[in-house]
Each structure stands twice: as C-alpha cells, then as structure tokens.
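Look for chain A in each of the two complexes below; its partner is chain B in the first and chain C in the second.
For the complex of A and B:
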C-alpha cells in the first residue's frame, strides 16, 4: 500500500467506521513515516467532520456515528502516542469530565456525547452513570478539567445537575469550570434555572457547544 | 358486577415455531449469561432455590428447571380491585383493558399553554380521566414540578388514589418503604392493612434496565409486593438498537429474559403473586437517539411481545405514549395505530393510552378526551362480527325482497343499539352542517368537553376526611424520605 493509499484509506475507514482497520492503518502510517499531525489534521478530522454533517442530514444514523467516532479515536490514540514520543504535545481542545448524574443509570446518550467529544480531540474523562457530586468534583480537580458535562434522562434526576453546580459554588470552583448539561427531558430553561453555561439538544450540537465554551 | 373486557389476540405476527425459538434463546441467555441483580437479598433467594449465583459480580443464572418452577405458580387470572364493584377487573391473557398516562413533566392545559405540571394538575387530570368510560386502570399522569423529587411517589398516591374509582397503578421510587407507606395510605380508605392485602386497590410497577439488569429498588419492590399480595407490573423499557439488539426478535429475547427473571423472583418469594408481564419499550430513533413510542416498529414490538407473554400464559401490559406534541394529525394516526394494533394483538393492558404525548414528557387534557374516543372506536373493532341465524338475517332478506330497506325492523333497532359505536367527538356531518355548528375541530370539542367535565366534577371519590388524612400522611412520608436522602448525602 502506497503512502497516498494509506492516507486515503484512513479517511475512508473513519467514514465507514471500521475501527479495527483504521487502527491497523494508523499503525501502518506510523511505520511508513507519515507525519502523525498531518494524518490527524488532513485525514481524520475532515472525515469525522463529514460524518457529523451526514448525521445532520440523516444520511448517517446513530450506529454509523458511534462507529466512526470509535474508528477516529482508535487512530487518534496511535498518532497522539507518536507525537508524544517525539516530545511535542498536540494541543488538546480541552479537558472534559462527563457523567450521568446520581440516581440515573441511563448510559447511551452520555456515551455518544463522550465518544464524539474525544473524536473531536477533547481529553474526555467518562465517569459513567450514577455519579455523585463528590466524584464529579474530585475528578474536575484531579484532571484540572475545563468543562463539566452532565447528563440526566429522568425528570426526577434532572435537578441533581443543579445540586452539583451548587456544590461547585460552595467549594469555590464554579468559576474554574464551564458546565454543560443534556438529556432527553433537559431544556434550555432548565439549564438557565440551575445556572449551567450551556445546553445542547443532541450529541453533534454538544460538541459544538463544548468548542464554543472553550472559546469563551 | 366486575368488568370482563373484550377479547383480543386475533392479530399475530409470530408463528408457534417463532415463539419456541424465542423461548429457547431466552433459556440460553438466562442459564448461561444470567441477569445482574444489585440487591443482595434477591441473590440469596435465588441461591436458596438452587440457582447459580455469582455474588462477586451479582449475577444470577436461572436454569430451565427453576424458570419452569417459577412460572408454574404465576397466575394467569386474577382480579384487580377498584373502589366499586363495577370497577373491579377480571384479568386474564385474553381480555383487553386500558391504563392512563404516567409521569409526564409538562402539561398542555386548557388555555392552550405548555408548562410544567403542578400538583393541582395531577388531581384535575385524575378527575378527568376517571370520567372516561374506556379507562380501566389509573396512573399518576404527571410528576408535579412543585414537589421535591425524592419520595414523590407518596404524594402521587395522595393526588391520585382518592380521586379515582379505578385500581391505582402506583410506583415506589425509594424501594420497599414506599410499598409499605402506600399500603398504609390505602388502609385509610380500605379499613385496615389486612383488608388492603386481601383486596389491594393499588398495584406497583418496577422498571428494569436493559440489557439484563435489575436495580436494587426493582428487587426490593418485587419482594415487598410479593410479601403483601400486591400485584406487580414487571416492566422492562428496552430501546432496540440501543439497549437491546436492533432486530425485534433480539429485543424480544432480552425483554423476555429480563422480565421473566423478575417474575420468577416474585414467585420464589411467594408463589401465586399476581405478575403482569410489562414493557414500555420504544424504538431508538437512529437519527437522534431519542425514544419513539409511536413508531410502527414500536407497535410491532409490542404486538409481538403480547404473543411472547401469552406463550407463558401471563397477562401482558404493552403500548406507550405517542410522539406528537399537539393533538394534530400526527397524534391521531399515532394513537389510532398504536391502540388498535395492541388491542388486536391482545395486549391485556394498553398502557399510557390516554393523554400521553411528546415521548412521555407531556400530558394533554384535550388528548385525554380524544384518546377516549379513539379507544371507543378500537373497542368496537375488538367486538368483532357475530355470525349466527339472527345476524345472517335470511328471513329478513326474504321478507324485504328486492329494493326497499331495513329501517322498519325491530331487529335493526336492536342490533344497532347493541353493536354500533356512537361517537361523541367524531364529526360525520356534511360541510354545511358542520359550518353551521361552528366549524369546530376535534381539538376544540375535546377541550370544551374536558372543561365541562372539570367544572362538573371537583370532589374525590372517597370522603374529604380520608382524602385529607392520606394527604397528611403523604406529606409526612415525603418529608421523612427527604430527610433520609439528606442524611445519606451528608455522609
């Protein structure tokens, strides 16, 4: 496989979401001496952006989106390791701590958002489900996170997003971290009411929101 | 006289062979993969009955023997009690009943406003629903935004139970304590806790997690219900493609393993505990990840699940909310397809079939009245066609001969009175007459009807004193639950 073919195939396999093949291609790219930064910026990112666009147009469905995000992530890991070895750090878009709030065990929506955020180049710590305010806050401190992202699918667990924000305030951390919230029953009004910095209706918009919050 | 519902089950998508294949796959999953149960006493119960239990990972593997034993004692017929004899219902795997909406956050009110639900909405909705002749079981249709959420089920009880003659479909958010406190509240009306245990006028639901997981609160409630003879809707809310495999058959297998594990638990605690095989599953919309209660795939899934539940001779709860936001053409087609297909498939409890919209987030007053109308038409379909000498009417045809008409006959009058459905909101006038009558849409008529009913009905169906007493207890239980929660969080 020529260098050009590898590059083209990297792009194509992120598009088609074959993560095992993408991983192999990334390894091959390294051994062929392809510049990892170029691979990320010129092939992986344009591919994942096209995936997002296709999802928006309903040409791609959720499983396609997830598979592409995973393919992207598998290649990204390999290239980033390589960049790291050369002593340079690829600038992370930002550090995000994400989880579904306490009392709520709904995982899928949160995982989709986490996958897309890391595919985009955020450094994501996924705390899983049923996460209490201590766990959120300890991880924010430990990872020095820029963004806290909280999901809730149940009307009865939604207010807990506000509880965490109050706890951030109590500990003097509210100014340090931007808070974004989501989940089926969550609305902009709810986000405003509890004092979150942003709300997104779906995973693609959540990534845009995270970028916007980082630019602030 | 108790109600004996019409029989469904004429619509079948699965063959006997399909059902056997689903059963065999379920046995493989239950015996080799098992179900995760977070509640240790549930694991102990299964272990006592010889199941393979992995205490470290909290997984129960249920072999075919134990599955058979558990299912053998699950009753296929029982009574759900209302507050009057004519609201008792005779449950079996053939008859079709309805259940109102549940747990919406927002309401579409009679002023045409979309807003968060408050406690007063819960009472008003219950009063309205209680006047719907096609409704058999009452849920708490909204979760009021003016109540702290933890332990809210106690106040849902106080806002619903006193205002309905129907059996009340309850939930306990906090576990066994909720079941016991609700039993005490029911005793205010029923006279004693033992009277409640004998003829419980409420039931509980547990909602398990797909794939293959029972939360602590699920098992706690199942066990407490079994101990107290409270019937339980053992429910799973799957999203095919998301929380279960995407093919309907794969979803049926996951649902089946998950629900049967819950039913077996109830039977092991107390053989004969009335259990209703229940789902509120909905298609995952792959363009958004959202839940769709009204997708044709969801309807197919529910119809097929009815067949799976009936394969075990268990009564089945299916059907769920619709996706439309207002009572428009989408609402009409979604609700009609949903309730008709479920009724024909023999779904014994057509769930959330009144007023529930916007993927279970919205309760609409006018839609309640519209859904009652759609359900009336659906029941007429279920009634089906009689073929006997009277109905074949050969003598009448002979008598009338060629030309002429049948309006003069007593037989015609008797037949239509007995069989035809007379709509209340559906308009069958020609354009001019309809215009003369104010050219009202069905929504406007439904809104007027709802307003009329709420003007004429304001009182609970039990005494004011009992209603107040239950509310007082609920407030106190809710406060205690809140305090326990704070203590827990303070730790």
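For the complex of A and C:
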C-alpha cells in the first residue's frame, strides 16, 4: 500500500467507521513514516467533520456517527502517542473538562462531543456521567481547565448545570473558566438563564463554540 | 342496544366507523394511585388488578369507560416495580434505579437501567434468560374472564427486539452493536424474540384481541438508526414475530409503538403486518398528515400530546387538541384516541377530565367537525 493509499484509506475508514481497519492503518501510517500531526489534521479531522455534516443532513444516524467516532479515536490515540514519543506535544487548543451532570446517566451526546473536541486538538478530560459539582470543580482546578462543558438530557437534571455555575461563583472560579452547556432539552434560553457562556445544539457546533470561547 | 367496546374496536380496526371514536388512556403509577384515591367511592366494587407486578388494567379503565384493556408482560415490566427499594434487579438480571422528580401533585419516579447484564461481549455465553413459563398468566386469564366479552383486550409483549438489546447491552453499546457487532446483536435480539413470541402465543391462547410490540426507533425529529440499518437488523425480526403470531391466530391484530419521528419506516411497518401504530407523537409527526398518507393501510392510536398539552395546556387547549385529532384522524375509522404516553403526574385533574369530556362531545360518528 502506497503512502497516498494509506492516507486515503484512513480517511475512508473513519467515514465508514471501521474500527479495526482504521487502527491498523494508523499503525501502518506510523511505520511508513507519515507525519502523525499531518495525519490527524489532514485526514482524521476532515473525515470526522464530514461525518458530523452527514449526521446533520440525515445521511448518517447515531450508530454511524458513534462508529466513526470510535474508529477516529482509535487512530487518534496511536498518532498522539507517536507525537508524544517524539518529544513534541500536539499544540493544545485549550483544556476542557466535560461530563454529564449529577443524576443523569446519558452518555452518548457527551461522548461524541468529547471525541470531536479531542480530535480538533483540545485537551479533554471526560469525567463521564452522573458528575457532581465537586468532581467538576476539583478537575477544573487540577487541570487548570479553560472550559467546562456540561451535558444534561433530562428536564429534571438540567437545573444542575446552574448549580455548578453557582458553586463556581462561590469558590471564586467563575471568571477563570468558560462554561458551555448542551443536551436535548437544553436551550439557549436556559443557558442564558443559568449564566453559561455558550450553548450548542450539536457536536459539530459544540467544537466551533469551544474554539470561539477560547478566542474570547 | 349500545355497541360493546369490543365491537367498537373491531369495527374501527377494520377501517370502518363505529358508533363513536374508541378511546383509552394509561397513567404513570403515581397518577394511577392519586386517581384511585380521588375516585375511591366510584371504583368500589369494580374488579381491577390483583397484582402490583404488572402495570396493566386497573379499576380506572372500567370507571372511565376505556374501550381497550392492557395486559402487560415481558421484559418491559421491569420499568416499574412496586418496591420501596431505590434499586432492584429484574428476572433478566437488569438492575434498575428509581429517579425521583417533584411535581405539584407530589413526587414521582422514573427508572433508569444502571447495570446491563450482557454489557460484556462474553456474558452472552453463560447467560440464562428467564423462562416464559414463569410469567403469571392467571392475571391475563382473570381479566379476560371478567372483561373479555365486553372489552377489546391488548396483550403487551413490547420492547422485544431492539429495545431488548438496549436493556441488556446498554444504549450506547446497542447502537454500536447494530452496525459494528452484528452477530452478537442478532443473537441477543433473537433470544428476546423467542421469549416474547412464546409469551405472545400464551396470550393468544388466553384470548387477547391484539398484541402490542414496541421498539423505540425514533428520536424527536430523526430516526435513531438509518432506515437501512432498521431494514437489515430489526425489520426481519418484527416480520417474523408478527407472521408467527398471525399464523397462530389469523384474526389477531398487532400494534407497534415507537415514540418520536419514524415516518421513513411506516411503510416497512405496514409491510410486515402492523395494524395499529402508536403513539403518532404530534411533536414529531403531524397526525393529520400520517392519517392522510397511511391511514387507509394502518390504524392510528393515541395522538394527544402528553409532552405539552395534557400537562401544560389549559382545559381549552385539551379540548381543542382532542377536537382537532377527531376531525383529522377519525373519519373512516381506524382511530383509537388516547394520550401519547402514560398521563404524567404533573397533569392537572381538570385536563384529564377535559380529555374524556371532549371525546364524548366530539367523538360521535359520523364526524362533522
């Protein structure tokens, strides 16, 4: 397989979401001396962005999106390790702590957002589901995070996003971290009400929002 | 002589117009309890449910004159269990957790699955599914003995295909499985299909008129999986189940439930033999459009919003919605009006009354609205 073919196949297999093949291709890319940073920026990211676009246009559905995100992550890990080994660090766009709020165990949307953010170059700490205020705040302090991203999928757990923001204020941390919120019942109106810095309706827009918040 | 509920439903299911639009409703357990307290005198002496395990018919069905009674069986009965414990494990090994919420009418509970018995890929090899022979059929027998002549009886064997995969593997994993782990997905779904098919046979033998299948395939505005994935992974199993059930008794009707937007696969559901589509959620699909486009080939069940109108609307809003649904969905028969889900705990009593009163006011055939 030529270098050009590897690159093309890497892109195609993220699109089709073949986990095993994408992983193999990433390993092959490394052994063939393809620059891992170039592989991420020129093949993985454009492929996953196209997946996001297709999802928006109803050409792709949740299973397709999740499969592609998993395939992309498998290659991303390999390339990031390689970059790390070479002593260089991939330039981080910013540090993000992300999680689904307390009382809520919905993970899909949050995980897709986390995958897209790390593909784009953010340093993402995913705290998982059912995350309480202390866990969010401790991680923000520990990682010196720039952005806190909170997901909530239930009308009854949505208010907890506001609880965490209030807690940030109490501890004098509100000015140090940008807060973005999302989840099916969440709206811009809710985000404004609880004093979040931004809201995104889908994963692709969430990445754009994070970039925008970092530029502020 | 007035038509019985059973006759009324049979005529409606044949896409003809009975004397009035048949109706039915269900309530979340907490609302069910509140209403049973509120109408304690009125329901005295009415034969209702005898066991708390199943969420099927109660005295309220008889009091409110519902045309169809539900008998709930199978994997979905894990969703609600009458227990004081915060968590519980059902016969499938699924661990459920009760999540409380507050409403003006008191505290209610939803449940979430917190442990999926087949989450690990290898777990299926040593997994022993429950035995359908252990389901308590005396409940169905009793209800049918008391009400089977008068009422249309619906046996619920829902959540038996993709939903079962979700319950057993987890939602995230199940969505991956159906595109990337197909053999395992087939194996688990087939296991559940076998179980629920046996249960369906038992219910047919007891004398139900309708069997209700369900798989939530719709998000609010988009299918959860592509139509192609549905056609490859889920549809053949639904077709097999429905074919076998109708082979057992050719007069059996089959209902199918999916919340949300599922328009791209309604033709597929008709093709595999679904007779009655529930709930035609108005937030996701326009019931009038669905009636126009598919109504000669499939009957519609529900259409009255439990997400917006019933809990948050005024009495007048409820009346308007019921009237509009009857105007657009009832002509020609093939329509069973109902709330799109269990009536929720935060629904004002006046709105529940308005739902019934409006059906009485506008639901007489022929419809002239």
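Note that in this section the second predicted complex is superposed on the first by the 216 of 216 C-alpha atoms of A that agree within 3 Å, B and C clash if a C-alpha of one lies under 4 Å from a C-alpha of the other, contacts with A are read in each partner's own complex, and residues count from 1 in each chain.
The rule is short, and it goes like this: a residue touches a chain if its C-beta (ideal position, glycine included) is under 8 Å from a C-beta of that chain, and two chains touch if they have at least 3 such contacts.
In this text the structure is predicted, and so the values were computed from the model without any measurement.
Student: Which term applies to chain B and chain C once both are placed on chain A by superposition, clash or fit?
Tutor: clash
Student: Taking the superposition as given, does A:159 touch the first partner, chain B, the second, chain C, both, or neither?
Tutor: A:159 contacts chain B only, not chain C.
Student: Regarding the shared-chain residue A:202, is it in contact with chain B (first), chain C (second), both, or neither?
Tutor: first
Student: Now for A:70: first (chain B), second (chain C), both, or neither, which partner does it touch?
Tutor: second
Student: For A:112 in the superposed arrangement: first (chain B), second (chain C), both or neither?
Tutor: The answer is first: A:112 touches chain B but not chain C.
Student: Tell me the contact category for A:46 with respect to chain B and chain C: first, second, both or neither.
Tutor: neither
Student: Running through the overlay: 184-192, 400-408, 418-426 or 472-480 are the candidate stretches of chain B; which one clashes with chain C?
Tutor: Here chain B runs into chain C along 418-426, and the other listed stretches stay clear.
Student: Which chain A residues come up in both lists, the one for chain B and the one for chain C?
Tutor: Chain A residues touching both partners: 58, 61-63, 105, 108, 156, 184.
Student: If we count contacts the way the header does, which residues on chain C are in touch with chain A in the complex?
Tutor: Touching chain A: residues 99, 101, 112, 114, 171-172, 175-176, 178-180, 219-220, 222-226, 229 of chain C.
Student: Would you mind writing out the residues of chain B in touch with chain A in their complex?
Tutor: 103, 105, 143, 149-150, 152, 173, 209, 213, 215, 239, 241-243, 284, 286-291, 359, 361, 489
Student: Looking at the complex, which residues from chain A come into contact with chain C?
Tutor: 17, 19, 58, 60-64, 66-67, 70, 103, 105, 107-108, 111, 156, 184
Student: Mind pulling up the chain A residues that touch chain B in the complex?
Tutor: So the residues of chain A touching chain B come out as 55, 58, 61-63, 105, 108-109, 112, 132, 155-157, 159, 184-185, 202-203.
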